[in-house]
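The structure's right below; bear with me while I get my questions together.
Order as written gives the chain letters A, B, C and D; numbering starts at 1 within each chain.
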Amino acid sequence: MRTAAEYRESLKSMRPNIYMSGEILGRENLPGTDIMELTYELAHSKEIQHLTTAKSHLTGETINRFCHIHQSPEDLMAKQEMTRLSCRLVGGCIARCMGIDAMNALSVITYQCDQVHGTEYHQRWLEYLKYWQANDIVGCCAQSDVKGHRKRRPHEQKDPDLYLRVIEKKKDGIVVRGAKAHNSFAPLAHEIIAIPTRFLTPEEGPWAVAFAVPGDHPGVKLVCRGARYRDRVPEVASPLSGKGEIESLTIFDDVFVPWERVFLCGETEFGGQLALLFSLYHRHSYTGCKPAMSDVIMGTTALVAEYNGIERESHVRHHLAELISVAELVYGCGIAAAVKSSKAPCGTQIPDVVFCNVARKHAGVNLYHEYDILAEVAGGLPATLPYSEEFTSPE
Amino acid sequence: MRTAAEYRESLKSMRPNIYMSGEILGRENLPGTDIMELTYELAHSKEIQHLTTAKSHLTGETINRFCHIHQSPEDLMAKQEMTRLSCRLVGGCIARCMGIDAMNALSVITYQCDQVHGTEYHQRWLEYLKYWQANDIVGCCAQSDVKGHRKRRPHEQKDPDLYLRVIEKKKDGIVVRGAKAHNSFAPLAHEIIAIPTRFLTPEEGPWAVAFAVPGDHPGVKLVCRGARYRDRVPEVASPLSGKGEIESLTIFDDVFVPWERVFLCGETEFGGQLALLFSLYHRHSYTGCKPAMSDVIMGTTALVAEYNGIERESHVRHHLAELISVAELVYGCGIAAAVKSSKAPCGTQIPDVVFCNVARKHAGVNLYHEYDILAEVAGGLPATLPYSEEFTSPE
Amino acid sequence: MRTAAEYRESLKSMRPNIYMSGEILGRENLPGTDIMELTYELAHSKEIQHLTTAKSHLTGETINRFCHIHQSPEDLMAKQEMTRLSCRLVGGCIARCMGIDAMNALSVITYQCDQVHGTEYHQRWLEYLKYWQANDIVGCCAQSDVKGHRKRRPHEQKDPDLYLRVIEKKKDGIVVRGAKAHNSFAPLAHEIIAIPTRFLTPEEGPWAVAFAVPGDHPGVKLVCRGARYRDRVPEVASPLSGKGEIESLTIFDDVFVPWERVFLCGETEFGGQLALLFSLYHRHSYTGCKPAMSDVIMGTTALVAEYNGIERESHVRHHLAELISVAELVYGCGIAAAVKSSKAPCGTQIPDVVFCNVARKHAGVNLYHEYDILAEVAGGLPATLPYSEEFTSPE
Amino acid sequence: MRTAAEYRESLKSMRPNIYMSGEILGRENLPGTDIMELTYELAHSKEIQHLTTAKSHLTGETINRFCHIHQSPEDLMAKQEMTRLSCRLVGGCIARCMGIDAMNALSVITYQCDQVHGTEYHQRWLEYLKYWQANDIVGCCAQSDVKGHRKRRPHEQKDPDLYLRVIEKKKDGIVVRGAKAHNSFAPLAHEIIAIPTRFLTPEEGPWAVAFAVPGDHPGVKLVCRGARYRDRVPEVASPLSGKGEIESLTIFDDVFVPWERVFLCGETEFGGQLALLFSLYHRHSYTGCKPAMSDVIMGTTALVAEYNGIERESHVRHHLAELISVAELVYGCGIAAAVKSSKAPCGTQIPDVVFCNVARKHAGVNLYHEYDILAEVAGGLPATLPYSEEFTSPE
């Protein structure tokens, strides 16, 4: 397992292809780097290594759990608990689920596709997984296409590139064109895993494509938007200071992908299944991170209530109960999804669909409601508090 | 294990003390009898005996799960699954949880009280449990006191009998006075288990009392309200026809209880713990029955939607997703409560408090919302449909 | 203006055609009669005659406001206030809006149809209105068709009679066939006003029909469902005791309607407009009755809270504020609908569409929520309280 | 009436006492200036002068409605309509209600206080109003105290200055000390109107104080937080570009106020009434601005829906209906509050309390829900869209 320092070092050698604030940047000092580093640090922390590491089912070696393919209900529960814990420390998204969620989905679908079509995707993917685990890789998932008119199918769009597609098959690989939107933390990933975004009809073969390329691969451009939580002056700095997040619109400008990194190419029925299965794994990850977000809001709410001297008021306690309720309903269903999970033919453990979906739905419905609660308990303070320079002004 | 017929027979021999519709009745033909019988029938059904029966941890014999003290997470999950399944068949409350939930709570509290106070409650209760399991007993739980002014404690009420209490201790037993309200299905129970309803202060010894008496014990009167679902004329009868429910205000008119049936008497701190622990077991039962209720509403909604030709409309599918969501969030947290359960010193398995509470809260919050959905999908039909006589009228 | 006694007398002479409980009944002693009588009594009550009566714009005479065609914003506001007040007294629906709402809609649409098609509906309708006002008529509105498959239009249904239609035009009138569902208080009405239920396409002429017939007209059958609020024994009777409600599925078994009572016949575009305009008037009436329902729930909630000694608790006050909020948002928008109302070419005042719609929507959304509140404040009492016989039992 | 240019000019002459970003600034180029200027421009716009101007009841001259004391229900409705219209143009808060809402409240309370205590506040205030109207003054309202521990009363706080108070009464005036928080747009106001924030007990005379001082009065310091909506590069600029908002924590560092500008000083019972009455006027203003906010969200939602090609989907139309519903329920109750308003003894028109309160409550409850809707219809776009520099990048 790599260290945080090694991770940071590995970013330096990558080709600058980050388009942000009108410049083309390399990967040093991007917002969110601290967060990704934390995922390396936690794997070395004795107290929680039972959560943050796993034994590779390929090699038997101890690996970072963010590189692991789930083999049992216990693996799913450990993943969920690790996620809640890490997200709490960060006070937000832990940034490293997307890639491994996509890898888990690929493990299942490549195997099934091979059974039906006699393809060799699973073996290729296993080789690629070895590379991941050996190098403690960070991946991102490029799924969401730009889409255009939502009522038209990919092949019905005026511009066929609104969904990423194969424009040429060559002897040694394929050429892809298009763009994927909203790719969280993509500029901080070594690898980009691209998969389809929706069900595909038989005539949509070119859009049924899944593959992996390095983040700085020729032809790949990451148009980014970054946010750093407002820095405070040192006197009143908090653990969150300097943290941040970053997303990318990832452009594939006629990118060549060698066959050994192609995991689906034309088998349309598996395109949709892959999209769904990634979502399923991601929803299960969500049962870990969403409760952590509620935990943070809850903590802030409780702190503000104390500051206002109203921590024992019945309406405040009622609000806190609401927050606990949202968090634990979601977390509980994540556990249930693990208990009721099933084993795919390739050996990967798949969480229960229904419990993942209701958890995701419940979390989504309540997100704004939670900010509402925080706002109500806090009063006008957060909206109008002067920034920290004024607090330390000599006057 | 008894059969349904034996259960029905056993009710006949009980002393008539049911006050309903201005009469004093025996226990034949009370609303809800069919439901209780079902709990006996299901224990003999081959396909689901793995759920509806258990192995007694006392005797090793196979018993009805409604007489079992949970020994493992698996027991809790089986109880939950049995409950959902039975309630679906009934289309409502399965009527037999309350007693066994109280028994589970007593198993834990009697043991703990003995440790602290050197009392002998647990041994007494074990003997009583043997009687239960040998006779396949139906119990009800008499917890809710009449209460009066909610802001006053039991000993502050103008009338000290607003909470059930001990008025005399004798050599061979105690005398209790008061009444318990809303006792579900009490007239169909062989035994009444009485426990405190809330936390008690040190000066409230007389109110810290738990015991069991037969339903027709001298001095016990059950003032009842019954409801039978509207009978249909035979031409259009449904499985629900003839089913019903019944509750009792149970009056204890200076009732004598022998010591071997007294499980708490004056140890105030355990009064509150017993109240809470019963609630906890009952909330866990609720994670089984509540989803079943949602299932029934869901089925009815889907049926009505089909009848109206709108089963594929997006708003109807959205509503069904809502109902599934409520049901499975609650059910999922019941599973999580079992997974995260703990073992009490006496060996009984205790479900996790937080998961039980959020499930209960969520189910409660959404109850009326679910009827709302059914009403919206159905339109004006259910509110104004003439009863079945008009359908079969000759004209 | 008639008295309540005269009204009751007038029902006696009507032909028995009420099908209920397997019998064919006359109009004596039907559930809901007291409510309808109240609408006559209130018109004679000095303190509120400014609300319950109006000056006929046809004859200048003082009439019951339930027979009045609105001429100004003030009329609309008076109607709304009268409705809230009467519904509060009844503790439910005041039962007499539907007919007059339909009459107001007819006043506008008959006039507009005449302008476009050169028909004579408005003059006919004016004659009919004189009869109404002279005889202080109670009308009901038969709008909702049975409908069958909701995704098919009237003329696409397998059975063309699922929507009421004209099957023959004669020299002296028309013959109609079909049925209208959910007709509130129809058995207590002298007159039935039938109007279309939805937009109609040009090929749906036979379904574009509006007319009035006496409730006991040949060929008209009222299949009814009645409910009387549970009678209490005299010792604990309340003002609500003995009140009730009744709805009818009104069957038109090839009914002949003379031309002077036909107000639309084939002009399809006005069929839809009439349906919408009735709904609009009815929604405005709703801004009066719905707040009254909230008032009643509010009163009950407050009473129960007091009984429980919790009337000053913050959660109870919060709940009461919720109830006030629902009631007054709806009522306020009714006022706004009057302020922003417009005058139709025939002189009738039309409330604002947007304010009526948002009020109706808000009331509907909150209905179940209100029962929820009552239930929460009351605790288990209302669900399990034994009926009054038990209270007065000698024991 | 002044012009926008004159207003801007008037700010230049004021003493720099704005503490922001670690500097002490004057009033040029503060965020929000454009918005305030708009309130001057609209008063000169022919089409809407019937809304944006009024006739002074003191002088009979035409004045900006933001300087007017309401004399009739029509005045209240015009204020409400002007507010909705202006806020729509700004896409946010119109910034000039607070001062005039406070002035309306002072008109009523000064008069009533004089009746009871024989004071001369009303006359003083009338003189001050003349100055306002003659100079087309912008005022802000400094009401919210810092408060500290919420469960302690002003005189119970450890630090007596947590609520603004009188520390000295002199022959020619008073000296006040304390701070007021969250003062919207205070740095853009000519005048600061200070009033109490809550009910006061008889021993809290020093805190029962209301007065007016110029924004740059000696001893007054405005510690500010400003926000400018993100500027876009000129190619894709929108009407909102460059707009902004600003709030101030206003410190009164032993400020001297001459008697002619003191409107309450020690009459504790009127302190609470003044606080409530300002809130009432402000809630009525809210019935104008809140619907405008919903209008803006609605427009954005509709635009995004169109861009996504889903503007005719039933869920999108349902969402838009939700937004309309929130807006118009609030707006409708504002109208009702004017219709049911009453005239104070001094002649000022007071909106109805209940309708203002339910409107405010409803708007508050739904705020986050509205953002939720926008987010759902928009999908991931708003959260991750790169800023405008990337759109116009040469590549």
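Operating definition for what follows: a residue touches a chain if its C-beta (ideal position, glycine included) is under 8 Å from a C-beta of that chain, and two chains touch if they have at least 3 such contacts.
These numbers were taken from a predicted model, which means no experiment stands behind them.
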item	value
Pair joined by the larger number of C-beta contacts - A-C, A-D	A-D
Farthest chain (mean CA position) relative to chain B	D
Rounded Å distance between chain A and chain D, as computed from the means of their C-alpha atoms	43
Intercentroid distance (Cα basis), chain C paired with chain A, Å	56
Multi-chain contact sites of chain B, meaning residues that touch two or more partners	none
Footprint of chain C on chain A - complex, ascending	313-315, 318
Complex contact set, residues of chain D against chain A	19-22, 144, 147-152, 181-182, 221, 223-225, 247, 249, 308-310, 313, 367-369, 371-372, 375, 380-381, 383-387, 389-390, 393, 395
Chain A partner contacts - residues on chain B that touch it in the complex	321, 324-325, 328-329, 331-333, 335-337, 339-340, 354-355, 358-359, 361-362
